[in-house]
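Two complexes are shown next, each including chain A; its partner changes from chain B in the first to chain C in the second.
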Partner chain A sequence: MNVIVLSAVWGVVMMFSGLFIADKSKAKYVAIAGLLVLLVANYFDLHHKFLFASSIGNMLQFESFGMIFVTIALLSTLLYVLLSGAAVEKVGNHAYEYFALLFFVLCGVGIAASYNNLLMLFLGIEIMSIPLYILTGADKRNLKSNEASLKYFLMGSFSTGIMLLGIVLLYGATGTFNLVIPAVSKASENMMVSAGIVLLAIALAFKVSAAPFHFWTPDVYDGAPTVFTSFMATVVKVAGFIAFVRLFENAFGGMTDVWQYTIALIIAATLIAGNITAVFQQSVKRMLAYSSISQAGFMLFAVYSVNAFAKEGILLYAAAYCLATIGIFAVLIKMKDFTFEGFNGLAKQQPLLALLVSIFVLSLAGIPLTAGFLSKYYMVLASIKAGGLLWLIITAMLCAAVSVYYYFRLIQAMYFKEGDANAIDVNPRFKALLVVAAVLIILLGVYPNALLLDWFHIL
Partner chain B sequence: MMQPGLYHLLFISAALFFIGVYGFLTRRNLITMLMSVELILNSVNLNFIAFNKYVWPQRLDGVFFTVFVIAIAAAEAAVAIAIIINLYRSHQSIDVENAEELKY
Partner chain C sequence: MSNILNYIWLVPLFPLIGFLINGLGRNFLSKTLVSFIACGALLASFVVSVYFFISVKEGNHELVKLFDFISVGKLSIPFEFQIDALSSLFLLIITGVGFLIHLYSTAYMHEESNAHYARYFAYLNLFVFSMLLLVLGGNYVIMFIGWEGVGLCSYLLIGYWFKNTDYNNAAKKAFIMNRIGDLGFLLAVFWIIQQFGSVSFGEVFANAESKSTAVLTGITLLLFIGATGKSAQIPLYTWLPDAMAGPTPVSALIHAATMVTAGIYMIARSNILYTLAPTTQSVVAVIGLATAIFAATIAIKQNDIKKVLAYSTVSQLGYMFLGLGVGAYTGAVFHVMTHAFFKALLFLGAGSVIHAMHHEQDIRNMGGLRKKLPITHLTFLLGCIAIAGIPPFSGFFSKDEILAAAYEASPVYWIVGVAGAMMTAFYMFRLYATTFLGNFRGTKEQEHHLHESPWAMTVPLIVLAILAVIGGFVGIPKVFAENAHSLEHFLSPIFTQSEELVKKDHALSHSTEYMLMGVSVALALIAILYAVNRYSKKPELQDAEGFGKVLANKWYVDEIYDAIISKPLKAISIFFNNVIEKSGIDGFVNGIGEGVQYASRQLRLLQSGQVGSYILLMVLGMIILMVVQFFIK
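Let's turn to the complex of A and B:
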């Protein structure tokens, strides 16, 4: 509750500070202050101490799963602003407004992580999406950015329509928007519930860019200003997954026979489409867009297997994926050329940077000792515990092997190819922050329980 | 005179929804596509009200959901118009076929 209220308030504060502070380069400091306030507020949230006493009529439920995710999202956003805050200010003339929109997105993330009612699910997803349509088109003079925001808007609003149709069918059958679906007896009502579940699954698959609803993702991620791609591909995407998991665990957990096989097909399609297409990409930015689709395939295992392992796994996955992707994007923003050739010979010019990028890439590929490996392991383990399908798990393993190819192409370009790639204005603070992110990835891979998962049981 | 019943309203709402989907998929003018999206949202609104009135008349859940959908649709339309104006400035056209920078 604290985070939801304060992030909306801080968004307004950001906009007004744009009026009173003429210096554009101060915007990131206001944003960092806001994120620290939100982290304190989130600490109180975790201990169920609410600063605002309000009757929410059981529409929001602050369980530890969602709250820990909000902590991860806030910390990732803090890392993102510290690493790429200066790049946000360079996108255009409205630095304060961009950060304000980021705070509104965080408000949506807070709602999506704690909704207990389909109305709140709808509002949370929309509050996350609408500021992103604007941020995607933030680079107003760039044709690609305009088109990306147009595509994102069209796809997003269409999926909103599908989600609403799903909600209305559930409402018609049960008469409530609560996540606890009352048992229905009549065959026609049963049909409506099943159709509603499938429509909601399709709409959320749109939002998390799962195949066959992923076609907007590469274009939008490619066209959007790179800083905002970094935010969209990490915090927002994972928040979509948290909403997805909470919906299917809390509301439809008892009806796995209706939707589980559909989700399995979506997982297989996402893994294959994401990984195979990523192999052919020449631009690192576009490769990362496809890699985010293939990672979405793995994260969908958490939706498929509704159990405690899946919940722990998705939290670990969220942390690992956000850290690694934000790190790679932070380096990518500093590069002149976004193609693989643009990374040729980076190891000679910037040995530390090349090493850190390698760690992030290894984590995304799921090499042992990194958090990426353990999160993939948790996902597959959860689906096995849920009696997972053998062909699905074999597909996942094969696709993980394919993904190694395009991730290692980046390492190969940096270490084994001749070139004069260099990152512009890299200061020691930037490098230190990236080192922190890389160390966190390795520590999460070695001690996941002490760092993250134990909190799930303590709180 | 015949009173409209639940099935009449559901029929109209389903028809509007599919007209919206058809328009969204076939039209190439951005304003028309935006109108189609609004048609989809409003058909769902009609559905909410119909279910509220005829199936679950005890509480006003459905009606209140409609109010939120209208508010969100207004916010979306505002953003959409801004995006379309921006695209018009750069392309001198509001036809989606002309927006093809990202195709390759």
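Let's turn to the complex of A and C:
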């Protein structure tokens, strides 16, 4: 509750500080201060000490799973602002407003991580999405940015409609918005529940860019200012997953036979579409968009399995994926050329940077010793424990093999090709932060329990 | 007192440290320092080994678990050392003979450059370390680590002069032949794991009697295949004569005294399994005997001083396997020990000759070295008498013990064995007479430089000669004195389980035993006299003809192997490379890559940028999902 309220409040504070502080390069400091406040608030949330002792008629529920995720999201955002805060300020003339919108997104993340009611789910998802429509079009004079924003908004509205339809069908069958679905007996009611679940799955699949509802992703990620792509592809995407997992575990966990096969199809389609299409991309930014789709395919295993492994796994996945992707995007923002050729010879010019990018890429590809490997492992393990489908797991493994191709193209470009790639304006502080991220990735890959998963059980 | 054995890891530690220092510092250390480190490591190991040996002799034995090595599921393989009578005896042989050979090498290898000199000693120390691991290992896996380690060192040392292609080929041959055997060993270990759920000697042997004979026969046969590789028995023996490409001290240490006896050690260690598998025992005995006689025939016609000794080694190893096959485990181990003394002596003597002759190895170009190399000559002669089995030299006692046991098993074994022993005496004295007696046949240059070797080479010769003479007294047979066989007494805890199973219904009568001994000694003496008489006056200088040519060419075994195994294999591999690899596998792999690329190009087209078409595709997706949800599943 603390995070939800304070992030909204801080969004307003950000907006007003823009009126009082003329220097727009100060905006990131206000944002960092806000994030630190939110982390403290999150700490109290985790220990069930609330500033505002209300769960709004039981519509919100603060359990450790959601709250730990909020911690991950806040820390990722902090890393993101520290690495790319300056780039946010440079997008346009409204630096404070951009940060304000990011805080509103965090408010939505907080709700998505703690809703206990379908209406709250809807509110959380919308609060998360609407600021993103604006941020996508933040580069006002850029036609691509405008186009992306409009596309995102149009298709987002479409998915919102589907989500509402799903909620309505569930309400019609059960007469409640609560996540605990009462048993229904009539065949027609059963049918309505079943259809409602599929519609909700489709709407959420859209939000996490799962196939075949992922078409917006490459265009929007490509068109949006790169800093905001980074935020969308990481914090917002995994927040969508947290909402997805919580819904399917808390509300539909007792009737896996109704929806598991449908989810399995979505997983397979996502893995194949994401990985195969990524192979041919020439732009790293667009490749990362497809990579985010393929990673979503793996994260969907958590929705599919809804068990303890899935919950631990999605937390680990969230941390691993956010760290690596934020890191790569932070470097990408510094590059002059977003194509693979743009990275040619980076290892000669900036050996440390190339090494760090390699670690991030290895983690995304799921190479052992990195957190990316363990999180993929957890996902597959969870689905096996849930009685996973063999063909699905084989598909996932083959797709993971395909992903190595396009991830390693980046390493190949940096290390084995001649070129004069040079990142502009890389200061030691930036490198130090990336080193921290890379070390965290490796530590999470070696000691996942001590660093992250044990907290899940302690708190 | 018994907990002192917990420090057994000290024994292999010293050579390991020596290896690391000499190996890493080979570019900085002086030859003197390298010698001190390498010899010092061995001496330290030897001293502690003696200490442990005394402790074991007092009746102690210990299974020392150092740490968990492999732990998977229910299977747990600890890194453990077993120190008992058998391993402590081998410790003494390895570190003792090893030290002498290290000392000898300091002089023999002196012409090498600093870095190569250090490399040599580093390998030698690594070898000793691996060999100690092999005999100390408390389970088959640790033993296998040592087993592979000695194989590697053998490879490295045979190919020590790596600029010579022939030597490299010899090294490769040794490695490959050993690998064939190792495969058998590995399969046996897997089978043991499957049957016993453990690889520890203690557990395996304790449960051996509950397993079926068929299983045990399979396991022991596979282990024996491993032994035929490492201990150079038919059909895998061909690498050992070629292994003489390495420096002579290496031949003495690895290819005579220690590594090649690993197979005998392993079977002696697993004696209970073999006792329970009589079929395997017969196979072991027959293979051993066949190798003994076969190699002896080849040795008769060889003219390279080291080749004669190499085939002699193969032949003697055959006797040891004969001993194992007829259940004379103590006799086999006894022969390992005496053989280590006299064969190391003979090799080092040969090295001394080669050193004096400036790397001449052909005995046809020698002759009359008796006067120029007095110490080498005398010690070599003692070694020849020992190997020929003349009492009271060490070889007599050990060979006699094996032959007596063979006679008990079947008189045929004994007849063939004695024939082999006679040949042994013959070819050894042919070698001795051609090399040391008669007139010098080498060049003037060589004659001018003939000299006795330095002390570092002669001292080991003298020590080994003494051991070769008196080494047999630890195993005096019962006919001469009751309870004088102290080796048997010492080793008895290792073989009790086997002995209890085989109730001896009758021992040989004393008169029979005297008769057997008399016959074999008499035949050996005749062979010696004939050989000395014939070759001291008129050495065989021409290439052999007729049947002798077949022997000189080693029965054409290498050529046969080449024709029936190597050539067909090569043809198959060319076929696989050209047809299956290039068009089949490459085509498949590249096809997948191209398929993914193609699919990527096509899937990309769905991404048209038109919101309308996106929505259409999404709706289609929804319809499919709904159909699946409600109608298919």
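Criterion: the second predicted complex is superposed on the first by the 458 of 459 C-alpha atoms of A that agree within 3 Å, B and C clash if a C-alpha of one lies under 4 Å from a C-alpha of the other, contacts with A are read in each partner's own complex, and residues count from 1 in each chain.
One rule holds for everything that comes next: contacts are C-beta pairs under 8 Å (C-beta built on N, C-alpha and C of every residue); 3 or more make two chains touch, one makes a residue touch a chain.
Keep in mind that what you see is a predicted model, and the values were worked out from it rather than measured.
Colleague: Go through the superposed model and pick first if A:S209 touches only chain B, second if only chain C, both, or neither.
Modeller: neither
Colleague: Have a look at where A:F122 lands relative to chain B and chain C in the superposition and call it first, second, both or neither.
Modeller: It touches chain B, and chain C stays clear.
Colleague: Go through the superposed model and pick first if A:V168 touches only chain B, second if only chain C, both, or neither.
Modeller: Touch status of A:V168: first partner only.
Colleague: Under the stated touch criterion, which partner chain does A:V402 make contact with: chain B (first), chain C (second), both, or neither?
Modeller: A:V402: touches chain C, not chain B.
Colleague: Applying the touch criterion given at the start, work out whether A:Y261 contacts chain B, chain C, both or neither, answering first, second, both or neither.
Modeller: second
Colleague: Check the residue A:N42 against both partner chains and state whether it touches chain B (first), chain C (second), both, or neither.
Modeller: A:N42: touches no partner chain.
Colleague: In the overlay, answer first, second, both or neither for which of chain B and chain C A:T277 touches.
Modeller: Only chain C; A:T277 stays clear of chain B.
Colleague: Look at A:F177 in the shared chain and tell me whether it touches chain B only, chain C only, both, or neither; answer first, second, both or neither.
Modeller: It touches chain B, and chain C stays clear.
Colleague: For A:L154, decide between first (touching chain B), second (touching chain C), both and neither.
Modeller: So A:L154 meets both chain B and chain C here.
Colleague: Do chain B and chain C touch any of the same residues on chain A, and if so, which?
Modeller: 151, 154, 158, 219
Colleague: With touch defined as at the start, can you tell me which chain A residues reach chain C in the complex?
Modeller: Its residues touching chain C are 151, 154-155, 158, 162, 191, 194-195, 198, 201-202, 206, 211-213, 215-216, 218-219, 259, 261-262, 265-266, 269, 273, 276-280, 402, 405.
Colleague: Within the complex, which stretch of chain C touches chain A?
Modeller: The contact residues of chain C facing chain A are 596-597, 599-601, 603-604, 606-607, 609, 611, 614-615, 617-618, 620-622, 624-626, 628-630, 633.
Colleague: Hey, which residues of chain B end up touching chain A in the complex?
Modeller: Contacts found on chain B: 17, 20, 24, 30, 33, 37, 40-41, 44, 47-48, 51, 55-56, 59, 61-62, 64-65, 68-69, 72, 75-76, 79-80, 82-84, 86-87, 90-91, 96, 99-102.
Colleague: Quick check on the complex: what are the chain A residues that touch chain B?
Modeller: Residues of chain A touching chain B: 119, 122-123, 126, 130, 133-134, 137, 140-141, 143-144, 146-151, 153-154, 157-158, 160-161, 164-165, 167-168, 171-172, 175-177, 219, 222-223.
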